[in-house]
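Just so it is clear, A, B, C and D label the chains in written order, and each chain counts residues from 1 on its own.
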Amino acid sequence: MRVKYFAWVRERIGVAEEEITLPDTVVTAHDLIAHLKSRGEGYAHALERDAFIRVAADQMHVAHDTPIREAREVALFPPMTGG
Amino acid sequence: MITVAVTAEPLDLNVWLAQLPQTEGTGAVATFAGYCRGEAGRLAALELEHYPGMAEGEMKRIATEAMARWPIHGVVAVHRCGLVTVGAPIVLVATSSAHRDAAFDATRYVMDFLKTDAPFWKREHHADGTVGAWIEANAKDDAARARWAP
Amino acid sequence: MITVAVTAEPLDLNVWLAQLPQTEGTGAVATFAGYCRGEAGRLAALELEHYPGMAEGEMKRIATEAMARWPIHGVVAVHRCGLVTVGAPIVLVATSSAHRDAAFDATRYVMDFLKTDAPFWKREHHADGTVGAWIEANAKDDAARARWAP
Amino acid sequence: MRVKYFAWVRERIGVAEEEITLPDTVVTAHDLIAHLKSRGEGYAHALERDAFIRVAADQMHVAHDTPIREAREVALFPPMTGG
């Protein structure tokens, strides 16, 4: 699965996107965030306030309890501040 | 008719407003432009990061919902990406309709949802040349969005 | 800063919008333009009669009240008199402010009060060349005004 | 007193403005309308729906019970339809 990061999530993780092979334990967006947090300090720092992180699956906003295994592309980012 | 765009070029408001449908039945055009503030000399610019593809997708979705909700003739929504200097426009939203209430409501609706749902993030660039903090999301924007709940 | 005017010349919106104060603290500009509708081909134009002196006075009074009610940086309000052909602008209102809510509210407030309190009257000119009826006041406009009661 | 008329009030009365010498019985805007209605058919037609007529004294909106003798200029007109 392609995973993209934006704004300070991207900066703390240190890459803008990467290919992730999901372990079977990852079903929902919440699971993906928990999995990524175990990958290292940058991830843990970027995602420390889990509930705060927004998730998009195939470029659509999804809730944390949404299954995301079928998505080709998932993105994690802070609350938006455009406009 | 809907026109949405994300561009790294300075926004020429008149060029974009020319995309708004105006027929002989159009009696009202409501326009909003958001500008980069200097914050009393503290800032030189705002840097706008966005999620290419999804940003345009969300803008189109929001505009489509506005077209379904009000009898408007069209929507133009354009958003800058990249570095926007103090005083320059960041975003332009305009709608046209027969009567003013629909145009006022629809333009404000699109702006309110654009703030909370379109994947853009702002970072401060200080007047002294240093790169500052990412701007934090504003609870007022969530409240503004909530006002449109059916 | 307030700019109000009544003019028999076609409204060049950009010329008038250039009168709106935009400082480094301006983050929002909300604009409304009202246009002459053709009513499905029935009309060629609207004739605008006004009360010279009082029309400008009421526009200035309404703009001043908006400046007192919201933290806006300025108001531009311009209204046509004379014959306005289908598709041409009749009225332009714009306000600038730091944040969008004040600009949206103030522009709508000025429009709502302008409709009910500024001494202008419209008469239809038909596509077949005949002069039609005076337009009747709309109860919806009184309702729109009432929405701003404190 | 200078009295001005606009839109269909002006058309029905037949003049845009005129100088009127107020009888002592005219105190309020309402009294002025009643007085004008007695001046002829055009006036009676223009002002038949009294309550509907708007009044300005020295270019300020006033209610029908407002005293208007002190005004230099009074205007009578239909509800406004600009904007």
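Methods note: a residue touches a chain if its C-beta (ideal position, glycine included) is under 8 Å from a C-beta of that chain, and two chains touch if they have at least 3 such contacts.
Quick caveat, the model's predicted, so the values are computed rather than measured.
**Student:** Indicate the whole-number Å distance between the mean C-alpha point of subunit C and the mean C-alpha point of subunit D.
**Tutor:** Each chain's C-alpha centroid was found; their separation is 26 Å.
**Student:** Distance from the CA centroid of subunit A to that of subunit C, rounded to the nearest Å?
**Tutor:** Centres of subunit A and subunit C (C-alpha means) sit 48 Å apart.
**Student:** Find every residue in subunit B that makes contact with two or more other chains and list them.
**Tutor:** 34, 111
**Student:** So with touch defined the way it is at the top, what topology do the chains form here? Options are line, ring, star, complete, other.
**Tutor:** line
**Student:** Every pair of chains that touch: which are they?
**Tutor:** Chain pairs that touch: A-B, B-C, C-D.
**Student:** In the complex of these two chains, what residues of subunit A are touching subunit B?
**Tutor:** 4, 6-8, 56, 59-61, 75, 77-83
**Student:** Taking the complex as given, what residues does subunit C use to touch subunit D?
**Tutor:** So the residues of subunit C touching subunit D come out as 34, 48-51, 53-55, 57-58, 79, 90-91, 111, 114-123, 134-138, 141.
**Student:** What part of subunit C is in contact with subunit B in the complex they form?
**Tutor:** That would be residues 14, 22, 24-41, 86-87, 98, 100-101, 103-104, 107-108, 111, 140, 144 of subunit C.
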